[in-house]
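There are two complexes below, and they share chain A, which is joined by chain B in the first and by chain C in the second.
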Partner chain A sequence: MVEIEPTPHRFPGGLTLPGHKAALQTAPIEVLPLPDELVLPLRQHPGAPALPLVAVGQRVEAGERIAAAPDPLTADLHAPAEATVVALERRALIGAPDAQGQCLVLACAAPGSRGEPPAADPGAGAIDTPAAQIRRRLAAAGVAGQGGAAFPAATKAGVASASQPRLLILNGAECEPYVACDEALLRTGAAAVLRGAEWLRRAAGATAGVIAIEADKAAALAAMAAALAATGWTHWRLQRLPVRYPAGAERQLIQLVTGEELGAGRLPAEAGIVCHNVGTAYAAWQALEQDRAMTHRVVTVTGGGVARPANVLAPIGTPLATLIEFCGGYTALAHRLIVGGPLTGVAVADDARPITKGTHCVLVAAPADLSNPGPERACIRCGDCVAVCPARLLPQQLLQAARRDEDDELARQRLFDCIECGLCAHVCPSHIPLVAHYRRAKALVRGRQRDAAAAAQAKARYEARERRLAAEAAELAAAREARRPGRPAAPSEVGQAQDRRAAIQAALDRARARAQQKPADAPPDEEPPAS
Partner chain B sequence: MLAALLALGGLGAATGGALALAARRLPPDADGLVRRIDAQLPQTQCAQCGYPGCRPYAEAIAAGEAPINRCPPGGERLVTTLAALLDRPALPVAGAAPAPAQVAVIDPERCIGCALCLPACPVDAIVGAHRYLHAVLPAVCTGCELCLSPCPVDCITLQPAAAPAGSPTADVLPARPSATGGG
Partner chain C sequence: MRQFELAPAPHTHVARDVTRVMRQVLLALLPSVLLASLLLGIGALLNLLLAIGFAVLVEAYCLRLRGRPVWSTLQDGSAVVSGALLAMALPPLLPWWITLCGVIVAIALGKHLYGGLGMNPFNPAMLGYVVLIVSFPVFMTRWPDAVAPAPGPWPVLHYTLTGTLPASTQLDAITGATPLDHLRNQLRLAWTWSEIRAGVYYGPLGGAKWQWLNLAWLAGGLWLMSRRIVRWQIPVALLAGLTLPSLVCTLVAPDRFPGPMLHLFSGATMLGAFFIATDPVSASTTPRGRLIYGFGIGVLLWLIRSFGSYPDAVAFSVLLMNLAVPLIDRHTLPRRYGAPRA
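What follows is the complex of A and B.
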């Protein structure tokens, strides 16, 4: 049996929150019947939108690539099932009420059919493909991070491999309340997840691996211990993390596992560490051992507002409404629809919006799931937010800076070190939505940075144009000057003019000679030609 | 007492004299001021200020010939910055209200390839040649509207600029629930 090591390390701040996931900790993963329609947003990743490869009306096979990534920050998109492309149009997306984006809309050929549940037998072949080849296959399968940001796994591995990482951390912390999809994967498919993690470790060239799981997930820990024992791999360790939110945030996770606190702006790759989510590892296993693109994912559908909370294996592009209907529909208590966990998620305005590769949780909150924050009151400087901030920020000061919206002050308060974990707003006795202020401030600062870059470009082009116009004007003036009469001619011009005059004279003489020869009576004006 | 008065008075007179001399002899840093003002301007080169571009406007401000509130694209934020930089009172922005970012778009059905819009563009964002279809480079266009009036067939329109990659508008709304409540 493999030893489950408790981690000796801690991270600053954080809070132990009630999990609200007991009901989902024993249930199996349920498979969603194929919906009639799938809506696949072209922008699901940090990079530019994917470029569609199919035309409206075209038939696509299950797993067929339907959109290509234009840059390494975007992953390829594949059809989850056999379907017909019925539209390429703007649809409402998860995010702000007016969030929209281009989507490929697929009408499934066999709606209602059931996909496959997660495989129980992960196989046992050797994992010895060269790293570059693994990364190519990960990219070809569109594997992207399932923890939320949907960062392409191949790019992450490629960037990490350049720095020869010492450690790959498989992130099974799943620290946010209500979310239970990673745990479900670990319980039911630990061996496949472990093999996927080994593929990812090889792809990044990391020398060792750690599987980190929060202590309240006993079944997941046991399943992973058994899977690890079965493989006999000695370069993998299994660690039990304290139940403390946000243990699963990248920097906090690294600190829990290694004891190293990454300074501001320092990337995990620079410390020789690469982190991957459990769901991503499972998708990597599917890509490399089953030759399947990342077209499905496990989503937790939960909260007091849904009749039968469940972990659902659903195709990417499934509308939220379909998921909720599958889970028994809304209850009378349904109050608010949140995509993502309760602390980091976003409220969405309607349930027609589709899930993406990064959607891990759909929370249909009942009033009891939400604290009733009441009206926002003035900050009383209690300091509770400072105590819980895992990024060692001063949330009150940051709030003042955000309200004043001054770039210098926001930079001094390290706005962009905020990981938006939501704890400051959660503990605030004055119900100040601090994270909302920070998100807004970040959006404004990024907008100004973009404007500044655009201004610099416009300025450079304007100045280049001014120089060109000045050069053209100078050239024109010089040419005009050259043509002006009464100007002493240059020696070469004098020579040319003489040559030209001589040639004209010779031609005239020849013409006259001819005229003299034919009509002999015509008197010559001048002496006969010399030739 | 007298020594102290003399010493301090002498020091003051000497420093004052040196400063007066410096102010007269050393040239003012006009170009540096122009550059600092120009750095704050939005560089749309739209000429809404009445000057042919951002740099000429910056020169006019530095020379004290132009008020600081003539730049609608810069908006209130620019006036505040310039007021602080130049120690002048902040004024309300003159002219059109600041519009959201726009780019010019040429309707390919109507463009006759006359090339009249090409020299009007202050940032060379229009590509084309005589009797060939023109097009605007959207990544370079500043939305200054200067190409609209030369067009004889009115085939250029201004359209809202596409949201840039990673646009944060989608995530500014918080969910703001609590994790401690019932359930």
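What follows is the complex of A and C.
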């Protein structure tokens, strides 16, 4: 049996929150019947929108590539099922209230069918494909981070491999309340997740791996320990994380496992570390051993506002309403629709929006899930926020800086160190929406930086143009001067007589020099200068 | 398609709120108010009720002048707490209009002129107290005698309402020196601390009567600390800042300097340490800054008590350190996440 080690380190701040996961900690993963329509946003990743490869009216096969990544920060998109492309249009998306984007709309050929269930056999055998080839296959399958940001897995592995990382951390913390999809994957498919993690480790060239799971997920820990024991891999270790939000945030996770604090400006790769989410590892296993693109994912649908909370395996592009309907529909208490967990999730205005590769949770919150904060009051500088901040900020002073919107003070209070975990606003006894203030301040600062950069560029261009024009004018004047050296100077000039004499002397000098350069027998090729 | 309300993340919040915090501070203060009424007369309770009433009225008036919501802001309870803390600092034998003056200074000048709750650089209650002690020194130093029984309710009520005593009572009969006053005078008369200590003005812990009040404040403060309403840094640092110099000096010159016990359990030490200095608005907010802030108050308290012209000095020490808070905060930013350990 494999030993489950406690993590040797701590991170600053943090808070143990009630989990609200019990109902989903034993339930199986349910497979969503294919919806009538799937809506695939072209922009699901940090990079530019994917470029559609199909035309409206075209028929596509399950797993067919339908949009290509224009840059390494975007992944390819694939059709989750056999379907017809019925539209390429703007649709409302998950995000800001007015978030919209181009989407490929697919009408499924066989709605209601369950598709093929994931293979039960995780496979065996050595994983010794060259890293570059693994990364190509990850990219071809459109595998992207399932923890939220949907960063392409191949790019992450490629960046990390350049620095020869020492450690891959498989992030099974799932520290946010209500969310239980990673745990479900670990419970039911630990062997496949482990093999996927091993593929990712090879793809990044990391020498060792750590699987990190929060201590309150006993079944997941046991399943992973068994899977690890079955493989006999000694370069993997299994660690139990403290149940302390946000243990699963990348920097805090790295600190728990390695003790290293990774400042806001540094990438994990610079510290020789690469982190992947459990869901991403499962998708990597599917891509490399089942030859399946990342067209589905497990989503937790939960909260007091949904009749039958469940972990659902759903195609990317499924509208929220379809998921909720599958889970028994809304209860009378449904009050707020949150995509993501209760601390970092985003409330959406309606349920027509589709899930993406990064959607891990749909929380249909009842008033009891929300703990109504009450009216906002003045900050009394109590410091509760300081005690919980995992980035060691002074949130109340950062708030003052954000309200004043002064770049210097915002920099002093390290605005961009904030990871937006939401704990400061969660504990604030004055119910101030601190994170919302920080987001706004970040947007304003970024806007000013963009403006300043644009202004600097415009200035540089203008100055370059001025220099070029001046140089051209000088050249022109010099050429003119050279061609008409005897041209009388303007009468108004002072000392024109000396100027004229100097010009004559110069012209004579030039003529003499030219005569010396030429072979003596050559005929003169131009008129001698008038003198 | 179903529509939903929008709200920024996070979507969950702890149950604790400002109103509840203020209520618990008042609750922690209650035993000491009752004890003070027993030991020093009904004036302690009377001051409390008057100051709280005035504070609510002044707060409401200021909010109206500033065009802020009156009723919902009053519910944060901060005016009630400021009034109560000022009352605890006042002598329990005081005409009502002096209490009113103190409340006006505390709430209107000390808080609203700076922009209301959260914006005031000074502890409002202590600002009110200091203005009173420099404006009405005679009234403000007239305390019930530390060894005589507490004055009866009728003279106190008469005095509070009219500023005069009923014909049957002499002022000298019910007022006298506080232990810290007595200590000061006797040291000046060149008595040694061991000789002074043997007198009736001192009990096993500190000054007569005040030692029990300090115990009550300590108990209330520890309760607040256990409920995480008061963090440990400021009280512990303050008591350390008071103990350290008094211990050193009493070891060097035991005749001239009383030891730490007297300082800890006399005057308003525990009130200051747990209830006054811990006002979060006017205190430092960084963990290290709170230690410096508390320690500074403790040292100043000892300095002013030992060498200054006032017998007690919680208010002056707190206000002086309030002045230093922006500087302390600026130089005690926590180590940046990811920055090397200094």
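Assume the second predicted complex is superposed on the first by the 451 of 531 C-alpha atoms of A that agree within 3 Å, B and C clash if a C-alpha of one lies under 4 Å from a C-alpha of the other, contacts with A are read in each partner's own complex, and residues count from 1 in each chain.
Everything that follows uses one rule, which is that contacts are C-beta pairs under 8 Å (C-beta built on N, C-alpha and C of every residue); 3 or more make two chains touch, one makes a residue touch a chain.
Just so it is clear, the structure is predicted and the values come from calculations on it, not from any experiment.
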- Query: First (chain B), second (chain C), both or neither: which does A:354 touch?
  - Reply: neither
- Message: Per the contact definition in the header, classify A:336: touching chain B only (first), chain C only (second), both, or neither.
- Response: both
- Task: Tell me which partner A:365 touches in the superposition: chain B (first), chain C (second), both or neither.
- Result: both
- Message: Just to be sure I read the superposition right, which of the two partners does A:454 touch: chain B = first, chain C = second, or both, or neither?
- Response: first
- Query: After lining up the shared chain so the two structures overlap, which partner does A:315 touch, if you call chain B first and chain C second: first, second, both or neither?
  - Reply: neither
- Message: By the touch definition at the top of the document, which applies to A:394: first (chain B), second (chain C), both, or neither?
- Response: second
- Message: Going by the contact rule set out at the top, does A:375 touch chain B (first), chain C (second), both, or neither?
- Response: second
- Item | Which superposed partner A:346 touches (first chain B, second chain C, both, neither) | both
- Query: First (chain B), second (chain C), both or neither: which does A:383 touch?
  - Reply: second
- Task: Name the residues of chain A shared by its contacts with chain B and its contacts with chain C.
- Result: 17, 97, 177, 336, 338, 340, 342-347, 363, 365, 369-371, 373, 425-426, 433, 435-436, 439
- Item | Residues of chain B that touch chain A when the two form their complex | 38, 41-45, 53-55, 122-125, 140, 142, 164-166, 168-183
- Item | Of chain A, residues touching chain B in the complex | 17-18, 20, 46-49, 93-99, 176-178, 245, 303-304, 336, 338, 340, 342-347, 363, 365-371, 373, 425-426, 433, 435-436, 439-440, 442-443, 446-447, 450-451, 454-459, 461-466
- Item | Residue ranges of chain A touching chain C (in the complex, touch as defined) | 12, 17, 97, 177, 251, 261-266, 321, 330, 334-338, 340, 342-352, 363, 365, 369-375, 377-384, 386-387, 390-394, 396-397, 412, 414, 417, 420, 422-423, 425-431, 433, 435-436, 439
- Query: Touching chain A in the complex: which residues of chain C?
  - Reply: 1-18, 20-21, 72-73, 76, 78, 116-119, 231, 280-281, 283, 285-287, 290, 329, 333-339
